[in-house]
Amino acid sequence: MKNTASSPAEKQFGLAPGTVVYTGDKTSGDLYIEVFDYSEDFFEEKELNSIEEAFKYSDSEPITWINVNGLNHTEAIEKIGEHYDLHPLILEDIANTDQRPKIDEYEKYLFVVLKMLYFDKDEKLCIEHISFVLGNTYVISFQESDGDVFDSIRNRIRLGKGRVRSMGSDYLLYALMDAAVDNYFNLIEAMGDKIEELEDNLFEEKPNDDITYDIQSLKREVLKIRRAVFPLREVVNRIEKSEHHLITEKTQFYLRDLYDHIIQVSENIEIYREMTWGLMDMYMTTISNKMNEVMKVLTIMASIFIPLTFLAGIYGMNFENIPELKFKYGYHILWGIMIAVFIGLLYYFKRKKWL
Amino acid sequence: MKNTASSPAEKQFGLAPGTVVYTGDKTSGDLYIEVFDYSEDFFEEKELNSIEEAFKYSDSEPITWINVNGLNHTEAIEKIGEHYDLHPLILEDIANTDQRPKIDEYEKYLFVVLKMLYFDKDEKLCIEHISFVLGNTYVISFQESDGDVFDSIRNRIRLGKGRVRSMGSDYLLYALMDAAVDNYFNLIEAMGDKIEELEDNLFEEKPNDDITYDIQSLKREVLKIRRAVFPLREVVNRIEKSEHHLITEKTQFYLRDLYDHIIQVSENIEIYREMTWGLMDMYMTTISNKMNEVMKVLTIMASIFIPLTFLAGIYGMNFENIPELKFKYGYHILWGIMIAVFIGLLYYFKRKKWL
Amino acid sequence: MKNTASSPAEKQFGLAPGTVVYTGDKTSGDLYIEVFDYSEDFFEEKELNSIEEAFKYSDSEPITWINVNGLNHTEAIEKIGEHYDLHPLILEDIANTDQRPKIDEYEKYLFVVLKMLYFDKDEKLCIEHISFVLGNTYVISFQESDGDVFDSIRNRIRLGKGRVRSMGSDYLLYALMDAAVDNYFNLIEAMGDKIEELEDNLFEEKPNDDITYDIQSLKREVLKIRRAVFPLREVVNRIEKSEHHLITEKTQFYLRDLYDHIIQVSENIEIYREMTWGLMDMYMTTISNKMNEVMKVLTIMASIFIPLTFLAGIYGMNFENIPELKFKYGYHILWGIMIAVFIGLLYYFKRKKWL
Amino acid sequence: MKNTASSPAEKQFGLAPGTVVYTGDKTSGDLYIEVFDYSEDFFEEKELNSIEEAFKYSDSEPITWINVNGLNHTEAIEKIGEHYDLHPLILEDIANTDQRPKIDEYEKYLFVVLKMLYFDKDEKLCIEHISFVLGNTYVISFQESDGDVFDSIRNRIRLGKGRVRSMGSDYLLYALMDAAVDNYFNLIEAMGDKIEELEDNLFEEKPNDDITYDIQSLKREVLKIRRAVFPLREVVNRIEKSEHHLITEKTQFYLRDLYDHIIQVSENIEIYREMTWGLMDMYMTTISNKMNEVMKVLTIMASIFIPLTFLAGIYGMNFENIPELKFKYGYHILWGIMIAVFIGLLYYFKRKKWL
Amino acid sequence: MKNTASSPAEKQFGLAPGTVVYTGDKTSGDLYIEVFDYSEDFFEEKELNSIEEAFKYSDSEPITWINVNGLNHTEAIEKIGEHYDLHPLILEDIANTDQRPKIDEYEKYLFVVLKMLYFDKDEKLCIEHISFVLGNTYVISFQESDGDVFDSIRNRIRLGKGRVRSMGSDYLLYALMDAAVDNYFNLIEAMGDKIEELEDNLFEEKPNDDITYDIQSLKREVLKIRRAVFPLREVVNRIEKSEHHLITEKTQFYLRDLYDHIIQVSENIEIYREMTWGLMDMYMTTISNKMNEVMKVLTIMASIFIPLTFLAGIYGMNFENIPELKFKYGYHILWGIMIAVFIGLLYYFKRKKWL
């Protein structure tokens, strides 16, 4: 919880608006820039280490995708801002990893922020910050570090599969966003598995506070996922509805479909939310069931042996005149009585269904 | 839970938008196509195994209903798409069983997705994916496999009962959707029975984690049903309100009625939701009541016999000088005292209403 | 729960839309028709057994109220439909007792459905289905059986009290709806009494599952009442706001007042809902309080007598060399110690406020 | 709860709409009428016992405030209605103490209903019904009985303080409503104290059902206050937004401020609502904490002394051949063992933090 | 809770609207006024003790920021009101510390209220009241006492960093609000730490009512923070959307960014709300887990030693004829049986996973 809220407060506090400060954790990576330049019958792919080289591609006619990895290199971001005449607040948002998903429409470009979500190998939820600038002939994407969900799009561009090569930069933006959203379905599935696993633990393990803690953590993760995904509905809806000249009618069909997918993800998240919120109650009943069982064992043992011990105590008394003690079969008769009491109580508990 | 979310992620991930991939489980069925061709005074019914044969019916004047069973035959779906000039995203949605209910309006046709819901023989909730394409003179329906809720409509077409033969393709679409919604009432009823049964179990069976698990499962089912039914309200509302040339004013009355039915189903689902969410609390109180009873038995047994045992213990001591031991009737007097204590405690518990 | 949802599914399933089927329970009653024909200075009242006789009244100038009791006589409903040219879906809704409250506006008439609610003598909630057709010079009301809440209106028509005789058919419709809504206040009051009674039971009776069951039943009833009443807000609001030629401006003031009353009923229902939803938690605390008390009795009895029994046990041992046993007043000293322990523990529990 | 809902049902049921019936409890008071007639440089104050005398003041130029106390005098209300030509439904609402806050706009006047709220000396919530008629040169206020929150306004009129004397009748209406809303802050404060007091009781008193009952009562009061205050937001908003000729632009600033205050009260009520709803859970944890403590005492006492008693029991047996019994220091050794067990168990419980 | 609601009621009750009364706690501070007068290439900073001196700065051309500390000096506020022709209700709101965040638009100026929030050194939540008047060439800010979050802005003005010196008074207002909102992130972070700390306490400390109380307090704080922050969304949105001549288009971009930040804070608050509301349930499960453990110890101890004590009791009886007592190894055999029972029960509890 801490670092999502703390970073901007710590790192940005007191700075003038529009100052470009990277607020994330990945501060050591190199700057790594990919360029894809393509049209229906042309394709070129480059890896660059300085941002200036990329400018020449995007200014010329064919569609160009510039993928910038390494938000810690704020000077590169500033250079891009200068070259493409981006508003200072946009540059701030590109580097501010706490920025929520949003869309800003400007005269000459659109700016979109969204989140990539995945569980790392320790089952910890990771939230990565991506932003896109859509211009007339280019899309620039900004990521915290390399390693992403866009490989299928790279391949489609390389091989000319699908529609991407024959459509404009707005379709490329759609395709990139679609890849990110498609990946949410993996996350959703992993989430579902986590919930089921926890449910099984509730029943199987003996009561312990770890489970309580795990439920609380799960709630937190669901809430974080919601926060990362839900604003995207509004974002995609606004792009689709916007009458910005950069968004063509043909692409709007695809955006509507994307919107649909986000709604679907959102519905799944809401279901997981309900299920997760129910887990604590569920856990309470399993604890209570277990306590019930413990109590029953105690009650049965005590209810049977305390009266019998009393009977034994009676004939352990030292009164001079206890007639029964002198009976020849007194001891055996008492055993008989005790066994009768024992069986009677067993039968009583049986009938109460405690056994 | 798993398979609803996992399928698209696994099977579709990384594919270009508009790729037709069947995401459901029924991958082995044959392609089975029914055609109903009819007008007010004409009727023909055919079963086909290739989709091309159906095209000639739908292009001519009378109304044609083409019912395609077997979404795994994606090549047939693609052929239909080609023939009727359907948007690639529609073809994707026809085969994508995870697509939520929706309506897409295109210039020349309407596309509608909804869900058929039923409990199978193991009381498991099944959700089946149906989609409709409404054209000027035809309706094409797509189902995962044969076996559906449209028999009454088939009969009405065959026998010319009701209005269906005398009205257009939009009425046929309405009639098919109406049949699916009518069937929701059966589901709702089965759901109600399940809840009542579970409530009875709460009281009757001895506490066990199965009940907790059943309640959680029920919640999940209610949430899934909601997700399948609720978007349909918006769908039907939009069809009714739309001023699409395919929807005639006469049919709008019927659509309004259909909307009404969906609202009714939704209200029932919401009631079941509230009832189901209350079950866990209800179960907690029954467990607590049971524990209360267990505790009372323990308390009564222990509170009566522990003091009596103490008394017996006193006179089992071996002090040389215990005057009472020498009394002639000491033993009998002690019995008297013990019985008095016993009765006194019984009376005390009686008055506390613990007996 | 069952019969509200089951009936339409069972009885109507597979029928063509617009088929008139009675879905309620009162299938044996006779058809019973009342006619009130009146204007400012004219009044006639008739009881009829065939619907055709009523037609002549409603077609002529003065206002006519035709009250039809017995929805099982579907052929009569169909005749009315034919005579007044009602849409088939309206006829279906008149007979379909599961239809939720609604308003349909047609060119020549308005159609309104609402519910009468009352507790029968077994405290069971009954929901009765009423529908109204408002025409230019007539109102036709349809009820499941005779016995209703309209006696005050009958009297006002007979005696010429209030405004009803001097106003049009729209005011009559208002007056009938107002009578039904006024009756909701009785229901609300009975509901309040039920909740209070149940609250008292929580505290007084010993814990048992009946109370849990009663709370759950009460929830169900509140939810059913909500479902029957809440849609009426929308209905009345739409009549008032509608610019239909049948609704005069003068009557709109009254409809606004009616709307106000329904809001008031709704607010009360919501309060009862909150109170009822709180009952289960409330019951849990009373159970816990009771268990607490049980545990205290056990703890006090056991904590006092188990140590004392131990002491007695010590001196019941048969060691050859236990010096204390030979002390002359050993027995008396031990009693002294025991009493001291007893008083000490009592004091301890007193200070803990357990006594 | 009862009387809020029951009164209109009992007293008004079956009456024609617009019939003036007092539905409150204060049926014995006298009619008491105050008149304030003022302009910027003129002021007159009168107490009247008949309503007719008041008419002459309000019809002439300066602003007149007629304050009518005693809603049981329905004939006076009817006379006012006649003189000022008020709609019959308004007269009904003036006397109907169950009417919720509302605003009705008529051509020649505005009608406003609101509630005065206070706790009486038994800490019981009282809800008093006030209504206002705003005309061109007059405001008429109707109260159940005398004793109100308007003294500060009386003084401002008398002394010419503030703006009231220099502004129109709409400002007077605002000032009266503002006084009522200001008083809500007192109520809110008293409510806050009640909640804090109850919270303290939870911790301090021993568990008992009275607390449960108090929490439930508090919930009820919060819900009633909500119902009395929340509709006022809409009322004031509508007055401010209305373009009725009686509301001048100058007064609108003040109405906006009043709206702000009501929002503030509403927010406080919502906070109290959340706090009150949390009390039952809070109480459950304190009960559980207490039970935990009880259980610990029992467990410690029983776990220590039951094993020791067993040891004593061993050497109380009468076997002929128990070698230990003959040891010279057998008894002392056993004491040593017992003390060791005792200390060991104490240490064990200490480490578990049960002591 | 008390003082937030009580103050206005106590101090303002019965006063005419527009009366300037300070309702906060800091009644003893001096009046302290700062003036910043600047344009792109000019800068002057002054500290004043009388308000009149400030007037000359603000009336002349360059932008002037007048920062007034000490709301208890109501006469100064009134003088400002007179000089700048502010509406009396604004003056009331400046001094009324209970006023919720709001924006009022007037012809010649904008009036904005918001809250500064921080935890003081005792971890108590403090809410400070700030208001701004934005005029053509000036911004006047009003604070309860000196010590604020505006130092970064003072520095930016002094050093000419960022855009503040080159833009108008509307940008200055934005910058001040932005600084306050930036500071919310610190609060949010501190809140997150508090929740985590409390969660840890739940598990580690032994059950006690302090934790219950802390949870309830935390809820209260979250609710107060919500109430202070949430209305700001509407405020900023309205400034941005307003077409007031004082708000330039250039500044609107920044306001949109500010709006975004407030949404982000709001989302975090909602997450904390959910987490905090879950704490009570979480605490219940940890208590139950602890009780479960206590019960298990009791059950194991009692279930093992009560039967063994019974066995010992049997052979402590004084019957004349108990054959076993005479066996040579009777005592040793009994020990064998007892050890067998002991091990058997241990094994039983082990298998039940209670050990």
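Labels for the chains are A, B, C, D and E, by order of writing; each one numbers its residues from 1.
Everything that follows uses one rule, which is that a residue touches a chain if its C-beta (ideal position, glycine included) is under 8 Å from a C-beta of that chain, and two chains touch if they have at least 3 such contacts.
This is a predicted model, so every value here is computed, not measured.
Participant: Can you give the whole-Å distance between the Cα centres of chain C and chain D?
Facilitator: 26
Participant: Using Cα averages as centroids, what's the distance between chain A and chain D in whole Å?
Facilitator: Spacing between the chain centres: roughly 42 Å.
Participant: Check each residue of chain D and list the ones that touch at least two other chains.
Facilitator: Chain D, residues with two or more chain partners: 281, 284, 288, 291, 295, 298, 302, 306, 309, 313, 316-318, 322.
Participant: Could you classify the connectivity of these chains, where an edge means two chains touch, as line, ring, star, complete or other?
Facilitator: Here the contact pattern is a ring, one closed loop where every chain has two partners.
Participant: Would you mind giving the ring's chain order, read from chain C onward, with chain D coming straight after?
Facilitator: Beginning with chain C, then chain D, the ring reads C, D, E, A, B.
Participant: Which residues of chain E touch chain A once you look at their complex with the stated criterion?
Facilitator: 151-152, 156, 161-164, 174-175, 178-179, 182-183, 185-186, 188-189, 192-193, 195-196, 199, 203, 253-254, 256-257, 260, 263-264, 267-268, 271, 274-275, 278, 281-282, 284-286, 288-289, 291-293, 295-296, 298-299, 302-303, 306-307, 309-310, 313-314, 316-322, 353-354
Participant: Going by the contact rule set out above, which residues of chain D touch chain C in the complex?
Facilitator: Per the touch definition, chain D meets chain C at residues 1-2, 4-6, 8-9, 12-19, 87, 89, 92-93, 98-100, 102, 104, 206-209, 212-213, 215-216, 219-220, 223-224, 227, 280-281, 283-284, 287-288, 290-291, 294-295, 297-298, 301-302, 305-306, 308-309, 312-313, 315-318, 322, 324-326, 328-331, 334.
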